[in-house]
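Here chain A shows up in two complexes: once beside chain B, once beside chain C.
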Partner chain A sequence: MLKQASTVGARNGRPRTISAGQQALKWISPAGIVLIFVFGYSLISLFTQSFRYDGKWVAFENFTLVLTDPLFQTALKHNFYLLFTVPVMVFLAFLLAVTLFETRRGMSFYRAAVFLPYVLPIPVVAVVFGQIYQLRGALNIFLTAIGLDGLAQDWLGEPKIALGTMASVILWKEVGFGVILLLAHIISLPSEVFEASRIDGAGFFRVHWSITRPQIMNTIVFFSVIEAITMVSWVFNYVYVMSNGLGGPGDSTLVSELYIYRSAFSNKAPELAAAAAVCLFLCTLLLVVAFFRIQRRSISGTFGR
Partner chain B sequence: MSITRRGIHGSLLGGASRYLLLTFMAATALIPGYIMFVGAFKTQADFLNSPYGMPASLSFGGFRSAWTDKFPQWLINSFVITTGSVVVSVFIASLAAWGFAHFPFKGRETVLGVTVSLMVVPPVVLLIPLFQVGVHLGLISTLRLVIIIYVGLMLPFSIYMLTNYFKSIPNSILESASVDGASPLRIFRSIVIPLSGAPLITLGVVNLLWAWNELLLALVFLQSNEKRTLMVGITGFQSRYSLDIPTVMAGMSIATLPLVVAYLFGQRFFIAGLTAGSVKGE
Partner chain C sequence: MNSRKNFIIGTAVLALLLTACSSSSKDVSTAKKITFPTEDLTLNISWWGEQEAPGATKWLEETMALYHKEHPNVTLKQVLQTTEGLVPAFEAAAAAGAGPDIQYFWGGIYAQQPGWDGHIAPISDYLDAEELSHYINAGVEEGYQGKIWTAPWYVNPSFPLLVRKDILEKNGLTTPANWDELMKVCDVLSKKKITTIAGGVKDGWFGGWIYSILGGQSVQSQKDVINAVVGNTSFTDPEHAGWWVKLAESKTHKCWNDDINSLELYQAQQRFVDGKAAMTITAGPDAPNFAKKAGGDSNVTIMAMPAWSDGPMAGKMGTTSQTLGITKWSKYPQVAADFIKFGHTAERLNAWYKLTGSMPADDRFDLTQVESQSTKALFESAISGAPYLENFIPAQLDAEAVFKNVQLILKGSVTPEAAAADMQAQMERLRKTDRKLVDNFTAWSK
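So, the complex of A and B:
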């Protein structure tokens, strides 16, 4: 293997395509085997199962059952509502990133502080916030102390606001990741860009909104996509812990992941869970495609390319 | 949203409002961690009286009752799973990334694109088929199966990040080595890996955070109490010790400590590494 490797390596510039492929295969195959097992096998098995019941072909019956289930509709609706957190999160991350960029003194402290929530385990975050949001928890004690008793709520017990409360926890945890990503990109931009506009006397936020934002658009889109996917398919941990696995009060915080988990393991209906999982998967794909469409348009719009 | 116009002369006022914003955000970010950590040293009565204050007197009752039962075992399980999956994923991802970065084979962009796009597959989608395989092979409640699944889920991002980084290594360095007759394996071992300290550590920390914190798969695949991870274990704390918040907070503090240590250790490399991975991806 070593000898063969060296013959190709010796003409590193343009090795023949076939031998390059064979070479690459050796390096890629360990990862490839794991990926084929975890993703390839699972996805194929999932799709075939979603069309069967008790081993028999039932065409779209599982899908009809799942899509007409009011609980699944509620769950999807909640995931959809959670998507509205993303623009808020992206704006906040941008605001914090440019503010940190302009800050000299204490920058590393503030940066570490803002990033810390992203490092904490979600179950821990969910439990601690569960305590803070109790009826007699830290938040309500604080609100009463500063004379805003009127705002005190049963944050997680009131069905109307429980989902919003949960969204605030997700926002709190995820925004630091965006700050780091955006800040890293802003720092790597050539500094002349900012100098020129400052001499023109443009304001702090205006400079960054009209000059920095288009420059780091690809990172903004990257972060938005990641967070949109999170909202649709990776909020199980928060919901499971904060509602003790129930998605309550009532079904006010039920999300599609919890629906799939419960169908498969509490209701022992893996076929329905598989159909629901396929729907969720397709939603995720749709979202990604939509985002990249928007990105292409907005980038060509900004640079006239 | 209002666009404030300050200009260079308004920088003093601007500076003050910026620090106000940052301080508010930093406080919001730090307070829950503070409540958790300080709460762990309180008594229940103390906690209910003042969740914000310092403890009236240091109480270790919370830690004592948290550290019972299977807690040490859960901690060990989390260590084994996290270490195993991080080491394996970083190792085989760096091999694959070198394969993608170094050999311009036909269809490379397609294979790489498909691999990277697996990042968007929700883990819950894979749950049911993998669980059935696990039952079939008798691997439910074994750490092995969970490690393999974690490795699989970490690979797409790992390969993406390392391939981008390896591609950014100047060709002149690699070419001079291959003119000397070094094989791809030699180049990989003695040039590429030593040059990639920061991204490898960053990736290690990112994967470590993910594996240590994962709940859904651990919940499903590790059903016997002895095999639970710390995250699954402490999730049950909340209902079990609902009248003993300090115990809950103490358990949470212990579960968080390894992450804070890992973060402080990896922080130096973190930003440089993340930048190399995400921004140069264009």
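So, the complex of A and C:
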């Protein structure tokens, strides 16, 4: 941690120093107060409810019930599997961003086309893909038409592949966000570095892997963490719409958010929902902490400190 | 002295008479005396049903308008919920303690649970016993310790198998009379790449239907199911697990459309109307409409699922009623009850049938106006039908064990034994997580 201190005033003839941490705290406190005001009550209620049943204190009983529930374990496992989509998404976003960066003509159009899925409402995307992925849907009709009928699958009806199918929809929709983020950063980089590397004989892949990538690492990390958080706690809409709220077939697409929703609203077990939500909150918190640590290390690395 | 004696005797006689009168009126009804408010008020209705009884919206709007005409100070508003949204929307309202005055509930457990949770007021507190005695299925499904939670609105014969005679005849087949004959029909039609029974389980609901019409065949009554719920018996016992074997058998005989897992229930049923499937299973209220679209009585047979067992409910049509309840937070429960009762007047009962083609849940409905013989038979079978099993298990068990395992069996991903074991495991777990379940179900079964 970079230690900085500043002299802010003098009392009794002695200058008072404030550490960088204290100074930062001062600056973020208004936003912090707003956050506490908005989320504080709900978080306290959530934690309180997770330790109660029917208004009575039950200690960790709800947590024991949730953590030993095979359905919750399955849901968490599926969230974990979805995390594997993140590296693929980051790689695709990077590839598309540098391709767009190198595109001389029609960049605005391509950029809009790539970003379009991200701005579409998730329920619309999920309904459309739900139709496309039916056994007699557009994808299988297309595959059959080009002679690849052997590849045709019951994409959302077959338990073994349903989660992967859903991941592909999430990937299609979210990658546009990454492209725009990375592209914005690439455009802002000094062009001399690219020109120098090209004069030195570096090709497309060499330039972007060795020159572009390290310079935009902060943004890559930021996008990775945002998407990791998405996969852990923000995929409810996709799953709910595409599986009609069931997380099926079987429980092949059940994720932790859907588990929480069902516990709270369908199964009338708000205390179990609260316990599961606390677990999910802690998982997300871990990711956020990891993000800050990686970001700090990344900044230190970039600036050689 | 005499006057004092007479006074004492007179008072005693009067007291006796009053006691007798009050106890006799208690026997007839526990309904509260209705004091109809005169101030302007609004009642909100949150409901479902257009999905299975097309025309219900029109009936409801008509009924609301007529009621407003009779009671100008009462304004009614209605919101039609989606299938997936009905229960969560009500749960959210209940959590907030504010929302609709009149709420739609499916029968059985779907009406019992809100009562147990204290979210609705018993309809029997506001409507007298004589009136409620005409509401079909009220006692069996909505009764709880002498009270009736909700008022049946319309009947859902559960669930009829619709058979297209033209497709069977074209392929040299006749309407199957039992399970083995049905399997033979499946064998013949599947070889010709014709779907025998069109269904869709992506949204799960069809799984519950299948459980009821197949699973109901091997139990003696709904009490057997409640016994398994509270833990006196097991869902792996033959009378509760046999239907999984029959479901798997139907998969082996290729009875269903191969995309059953990627279709929703209502999407799949359309194939029957389009002549692409020989049979389908529909919601009871919608069965006459489906039959009409597919050629009417001359072309369609409406029947119960062929029997695979010799249990008392095998081959018998199930019956359930969709209901309306009064929420605990409603400021005008007596007006809500009066509106529900208004829906049961002879003119409104006839209008229901005219607009939806289905049967109102009232035994005062005049069946002579039903011209179609198959529809009439369907209605009659629903009046004295078998209990609809899905309504006697916890909704969570339905969704997390029945819906789920039906999908997996129809995909060939689990064995019948594994499905039954999973259902039992889910039930055991549910008894731990829902710490009032056993008490509630035990009280319900009495």
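Just so it is clear, the second predicted complex is superposed on the first by the 252 of 305 C-alpha atoms of A that agree within 3 Å, B and C clash if a C-alpha of one lies under 4 Å from a C-alpha of the other, contacts with A are read in each partner's own complex, and residues count from 1 in each chain.
Following the convention adopted for this analysis, contacts are C-beta pairs under 8 Å (C-beta built on N, C-alpha and C of every residue); 3 or more make two chains touch, one makes a residue touch a chain.
Since the model is a prediction, treat every value here as computed from it, not as a measurement.
Chemist: Looking at A:270, would you say it contacts chain B, chain C, both, or neither? Reply first, second, both or neither.
Modeler: both
Chemist: Does chain B (first) or chain C (second) touch A:42, or do both, or does neither?
Modeler: Touch status of A:42: first partner only.
Chemist: Tell me which partner A:246 touches in the superposition: chain B (first), chain C (second), both or neither.
Modeler: Once the two structures are laid over each other on A, A:246 reaches chain C alone.
Chemist: In this superposed model, does chain C or chain B come into contact with more residues of chain A?
Modeler: B
Chemist: Who does A:59 touch here: chain B (first), chain C (second), both, or neither?
Modeler: neither
Chemist: Identify the partner contact of A:136: answer first if only chain B is touched, second if only chain C is, both if each is, neither if none is.
Modeler: So A:136 meets both chain B and chain C here.
Chemist: Which residues of chain A are in contact with chain B in one complex and with chain C in the other?
Modeler: 136-137, 244, 261, 264-265, 270
Chemist: Quick check on the complex: what are the chain B residues that touch chain A?
Modeler: Against chain A, chain B makes touches at 1, 3-8, 10, 14, 18-19, 21-22, 25-26, 28-30, 32-33, 35-36, 39, 48, 51-52, 92-93, 95-96, 98-100, 102-106, 108, 111, 115, 117-118, 120-133, 148-149, 151-153, 155-156, 159, 174-175, 178-179, 181-185, 187, 209, 212-213, 215-216, 219-220, 231, 234-235, 237-239, 245, 248-249, 252, 255-256, 259-260, 263, 267, 270-271, 274-275, 278-279, 281-282.
Chemist: Of all residues in chain A, which touch chain C in the complex?
Modeler: 53-54, 65, 69, 71, 133-137, 154-159, 243-246, 248-251, 261-262, 264-270, 272
Chemist: Would you mind writing out the residues of chain C in touch with chain A in their complex?
Modeler: Residues 84, 87-88, 91-92, 95, 113, 117, 201-204, 258-264, 395-396, 399-400, 403-405, 407-408, 411, 413-414, 429, 432-436.
Chemist: Please name which positions on chain A make contact with chain B in the complex.
Modeler: Chain A reaches chain B through residues 2, 5-6, 8-10, 12-15, 17, 20-21, 23-28, 30-32, 34-35, 37-39, 41-43, 45-46, 49, 91, 95-96, 99-100, 102-103, 106, 109-110, 112-114, 116-117, 119-125, 127-132, 136-138, 141-142, 172, 176, 180-181, 183-185, 187-188, 198, 201-206, 209, 218-219, 222, 229, 232-234, 236-237, 240-241, 244, 256-257, 260-261, 264-265, 270, 273-274, 277-278, 280-281, 284-285, 288.
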